[in-house]
Amino acid sequence: MKKRKICAVVTARPSYSRIKTALKAIQEHPELELQLVVAGSALLGRYGNAVNVIEKDGFKIDEKVFMVLEGESPMAMAKTTGLGVMELSNVFYNLKPDAVITIADRFETIATSIAAAYQNIPLVHIQGGEVTGNIDEKVRHANTKLADLHLVASEDAKERVIKLGEDEDYVINTGCPSIDIAKEVLAAVDHSFNPIEKYGGVGADLDLSNGYLVVMQHPETSRYKSAREDVLCTLKAIHELNMPTFWFWPNVDAGSDGTSSGIRHFREVNDPKNIRFFKNMEPNDFLHLLKDSDCLIGNSSVGIRECSFIGVPTVNIGTRQNRRKRGKNVVDVAYDTEQIKEAIHERIAKKGRLSEEIYGDGNSGKRIADALANTKLIAHKTIMY
Amino acid sequence: MKKRKICAVVTARPSYSRIKTALKAIQEHPELELQLVVAGSALLGRYGNAVNVIEKDGFKIDEKVFMVLEGESPMAMAKTTGLGVMELSNVFYNLKPDAVITIADRFETIATSIAAAYQNIPLVHIQGGEVTGNIDEKVRHANTKLADLHLVASEDAKERVIKLGEDEDYVINTGCPSIDIAKEVLAAVDHSFNPIEKYGGVGADLDLSNGYLVVMQHPETSRYKSAREDVLCTLKAIHELNMPTFWFWPNVDAGSDGTSSGIRHFREVNDPKNIRFFKNMEPNDFLHLLKDSDCLIGNSSVGIRECSFIGVPTVNIGTRQNRRKRGKNVVDVAYDTEQIKEAIHERIAKKGRLSEEIYGDGNSGKRIADALANTKLIAHKTIMY
Amino acid sequence: MKKRKICAVVTARPSYSRIKTALKAIQEHPELELQLVVAGSALLGRYGNAVNVIEKDGFKIDEKVFMVLEGESPMAMAKTTGLGVMELSNVFYNLKPDAVITIADRFETIATSIAAAYQNIPLVHIQGGEVTGNIDEKVRHANTKLADLHLVASEDAKERVIKLGEDEDYVINTGCPSIDIAKEVLAAVDHSFNPIEKYGGVGADLDLSNGYLVVMQHPETSRYKSAREDVLCTLKAIHELNMPTFWFWPNVDAGSDGTSSGIRHFREVNDPKNIRFFKNMEPNDFLHLLKDSDCLIGNSSVGIRECSFIGVPTVNIGTRQNRRKRGKNVVDVAYDTEQIKEAIHERIAKKGRLSEEIYGDGNSGKRIADALANTKLIAHKTIMY
Amino acid sequence: MKKRKICAVVTARPSYSRIKTALKAIQEHPELELQLVVAGSALLGRYGNAVNVIEKDGFKIDEKVFMVLEGESPMAMAKTTGLGVMELSNVFYNLKPDAVITIADRFETIATSIAAAYQNIPLVHIQGGEVTGNIDEKVRHANTKLADLHLVASEDAKERVIKLGEDEDYVINTGCPSIDIAKEVLAAVDHSFNPIEKYGGVGADLDLSNGYLVVMQHPETSRYKSAREDVLCTLKAIHELNMPTFWFWPNVDAGSDGTSSGIRHFREVNDPKNIRFFKNMEPNDFLHLLKDSDCLIGNSSVGIRECSFIGVPTVNIGTRQNRRKRGKNVVDVAYDTEQIKEAIHERIAKKGRLSEEIYGDGNSGKRIADALANTKLIAHKTIMY
């Protein structure tokens, strides 16, 4: 029997965590053949060179697609997407996949969707049906309407995709592969890992003996002009708390120049002695770091997903994760230094870490591969109502 | 008070008919300012130079956007769209509109949607909520999910857009501007118009004294490889019927090379004495031609919309208009010479032309302008469920 | 020893004749490996699908690059070139050639040059150093300044490239591969070839027993607005002469819409009974046709090159071949019906077909392969004065 | 009389200094109208936002063109250029200039040349005919072959352009506008300017009472992989000399990531107490800074041009300025810490600042405007030999 060729397009560092165990499972599935495309900011040093991690994990990359316009403005987001459509059209034309996977809701993921759908290639959308705000919200649901098969991460998401007029035979709750990694991390007995030794980072030396914080804050697309101000609120809060802190640089996105310049400025002026800055970390290591941390602060979806499964207290700032299904680990605050400080205090004081299985039980990669092998692949559909 | 700047993007000949009276109404509205962008095949001689008609109608064009890739393959459709995103991003950046209009569901209309939405410009989608098949179906609903305000053409469409999770305050049934033109045509007492004198065309001289047929057949995206064969069925049927016939060349689309080559081949081999071929006609003239015809044959949406209002018998071939709300004027057949011939006979024999108001009552242009002036303009939204 | 990977980019039907025997020789050379990219109009049905001929000739195509913008305007030429730069950058990045070949002087050939030169890949320019007019003139010499190795077609060209400041160690007169094909054609004892049977064509049936003409006329870039008028002069002349004539459609180029529409119009109005129209012919067959013809009319470079070697009388119209080194076979005329008619009469009456070796002796393909195997490959240079 | 519309395209910070006084002179010329396009890195914060300086200088910008691909690799250079061709084609189509100016030899300047030349718009090349190495060398001479009018900066350059086969009626030595600014700076009696107060910068506080150094070092395209190493040599030398130093970040270019990361790394590790880092400075202020400095170090062309006119000692590192005509102020060294240190010592010790007029006498802007008003504008040419 001929294997189904499944082409996955990874466009950014965080997307990789959302698909990694599925890529492994596809690779190992007897009826599937993996085609891997790495594109966009996943190729760029400024955003942590995810491509290196991917290669180190043993994946063969079939195509690299350079498509990111400089400037990190809304205009650059739009042009990057347009360029992505043009480039990925070539890629799919040459690779001739039986199905293409587009992941979640970053702005450039719609380029994958268009390039596949317009060439009548069955399109698989991973992690549709969730709710946030901003441009991600529009992109995610537009991806759903361009896709033929929906592999969602929660029951909540499944219901929503069906309400959007999709055929329920093609909507499958596989859970999120990021939870698979979280499960491995929880299971690991011994992980001899010194983050500073392994990744360097820049800034203060940290004494971790009395606990530590982790911060990951991205700009919000709809308020990208205040990205600098927004990150300064958090920097001020963390600086004043004076607890040892691992701080991660933001993704490429409209506004990340603002976030980055805020961080640089704060460092120049305040030279904070309790913060160390990192560009990137392998997903595995990052989760180990989180697992033992006192609190995650920022607006990363990791706080909502992985941290819910592991049970890491999370202070979620702003509206970026708006309406995403939350577990008990999360408390929401505004972009406000005092609120952030108070919430961190409250989270740290709280007893009893509570874990939940909202986004999967840790076997999502395998479920995704099975769905790709067993579901009929179609490239045309009609709305159900 | 500052006028709202409304930027409409017309990318093809048929889209112009779907928006023309709205453009006029926007132009004349005291609180609105029209910005007009003409793009894609609307600029190309091979597709009838719609741009000339638009200028002759007295519209000032703010930008012309050349974006069509040669080849009319799925690949060319995808690349044209990607290029459109890049080009239109510039255009909106420079024109700084308060809202952008994207029309219906041609593949390249999503370029307008992305370029506007990613730059946080309120996006107005005209004629969402309908149902067809093919890539149009995916594009139309993806446009809906990227758009902030929905001006739909029927009650049926309104319900569907709301089901898609849109806020009903932003879904307004304005009817279709194409019906406005149909209404004017019906009302015209005297229209001294000789199509052959005015447009030339090539092929047979036609004697119109005993009635005539009109054919407009486009390739279907999902079966673009059979476009040549599909058009030959109809050519054979029309040739055999031997009634005087006006035949219109297809739109630019994947497969239109197939349709065109089918027509050219048939002409070379059969030199049909009852068919005259036309590239384009002003919408007004086209409707006058239809009004007095015995039957429209093909798969154009004009048969479903305008002809329903005017009451022109229509033989609709294939699945291109699949599930679009039909009036009594329409009969559906497959790509089959015998079926087509029979259906034309049946339609011509039928007595009583019946007109319906499914897609509007002839005042849609005005309604669209009013909606654009009076609705709050937003650029972000969240799904309603 | 590792073979040198030589990547040739063929962007149009006529370019293929200028490189075909070199491609074969590269393929067969023990120290070289051929990488073949087919791009631009060579992929399009409207321009004769050169890609099919190339595949039939037994070449494996490594990449196909769709890059032609519709419209055939100066704007479309520019955008096609820009798109070509972007696409070919990817191609070279992935193929990692040791050298890239760009052919002659069509507008899009500079895309190949930029994509290679900017990525520090040694660039080989075939057929630099000639002189024409129009945009080709600018493109050809710009290609020379971007290229590192120059394989020219005549002594005249060699001198000119050296005068342009190139290092004479990297300027080699290999002759033109098109002459290799001409030589084979002259040598062929028996070529049982009926052009109408093999290629069809459209238009009149031709009686070839008393000789025939061949016409190939392209638009001139600098006067593309008069392309329609220009071709009508020639059509009128040929129609009036009333000799059986093979007429070939023009290349994709700014203005070819004008030329094409002129031809179509003339056919509709005059229905000429002595002309048959062809889209394309394999180079070999085309030369057989020329060899036995009474005269080649138009502005194709074939009249200057191959016809000079074979000794076919040529009426060269206009300035497109301006200052290209001519043999005795050529007479030059303006775009003027009477002049064209007279010149054809004069050429036909003339006795003694005279062949010359201005553009090579028929072994150019082999010489090019040897030069590519033996010359040091460099990617940087400095002007010699 | 209708004014000639002259469209200048500024793509980077350093290009602006090379054209500024000419832009003023065009603006003020009674027979000329200025159209100003700002593109590429001149629009980006990371490269000093030259666009702000341009607007502050009172110029109205007609179009902004976002075209820079992220990554600063050879691939990104090529794609940026391709995108530039596409974007600038639109711009010229809409602005309809009578002539377009492309400046010097940065990689993306050929995009301006192609977009203009292919649309038959007379192309004016500023500062052709010089000699360097690297990709600049290829681009500069290719620009010459695409251009119709050459306004060069020295006699040496004029001769070289004529040797390249250009018509000497269209080659005019106007000198370089950067010298106009240098002349103003020399003439300024009182320039109350505190660079740190005005521009901030980051790093050490500098005591300027005993003299200071200025460093500006860019990556070399042909050795972009060693950019990091190359800049570390110089950083080490300057650090060891321990003199107060103004250090400027590099231009966007393949390799500037390497240079930047080298600087960042050196700062983290060594925290040099004698260096302050700046992103950008208005050309005027920069020259004032140079005028009073003890030595300029690096590979900027400012050392060759402006510093030759003003008489600032210059240590020129590596081959980036290879074969550019030098004055007595320059000494050349390799990328070698010891050589650099010695050369700086030698320069500082040297008595007698010697100024020369190799690149103009300070009236170039005016001469350029006059040439643009008085020279016949042509869009086609043929090589002179």
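Just so it is clear, A, B, C and D label the chains in written order, and each chain counts residues from 1 on its own.
As a convention for this text, a contact is a pair of C-beta atoms (placed from the backbone, for glycine too) under 8 Å apart; a residue touches a chain by one contact, two chains touch by 3 or more.
Everything numeric in this text was worked out from a predicted model, so none of it was measured.
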{"item": "Chains in simultaneous contact with subunit C and subunit D", "value": "A, B"}
{"item": "Equivalent interface positions on subunit A and subunit D, same or different at half", "value": "same"}
{"item": "Contact-richer chain pair [B-D vs B-C]", "value": "B-C"}
{"item": "Interchain centroid distance [CA atoms averaged], subunit B/subunit C, Å", "value": "41"}
{"item": "Approximate Å spacing (C-alpha centroids) for the pair subunit B, subunit D", "value": "52"}
{"item": "Residue list for subunit D, restricted to those that touch at least two other chains", "value": "66, 75, 79, 83, 86-87, 90, 93"}
{"item": "Subunit C partner contacts - residues on subunit D that touch it in the complex", "value": "74-75, 77-79, 81-87, 89-90, 93, 107, 110-111, 114-115, 117-120, 131, 133-135, 137-139, 141-142, 144-146, 160, 163-165, 221-222, 322-323, 379-383, 385"}
{"item": "Residues on subunit B engaged by subunit D in the complex (per definition of touch)", "value": "63-66, 83, 86-87, 90, 93-94"}
{"item": "Sites on subunit A touched by subunit D in the complex", "value": "41, 43-46, 66-71, 73, 75-76, 79, 83, 202, 252, 257, 261, 268"}
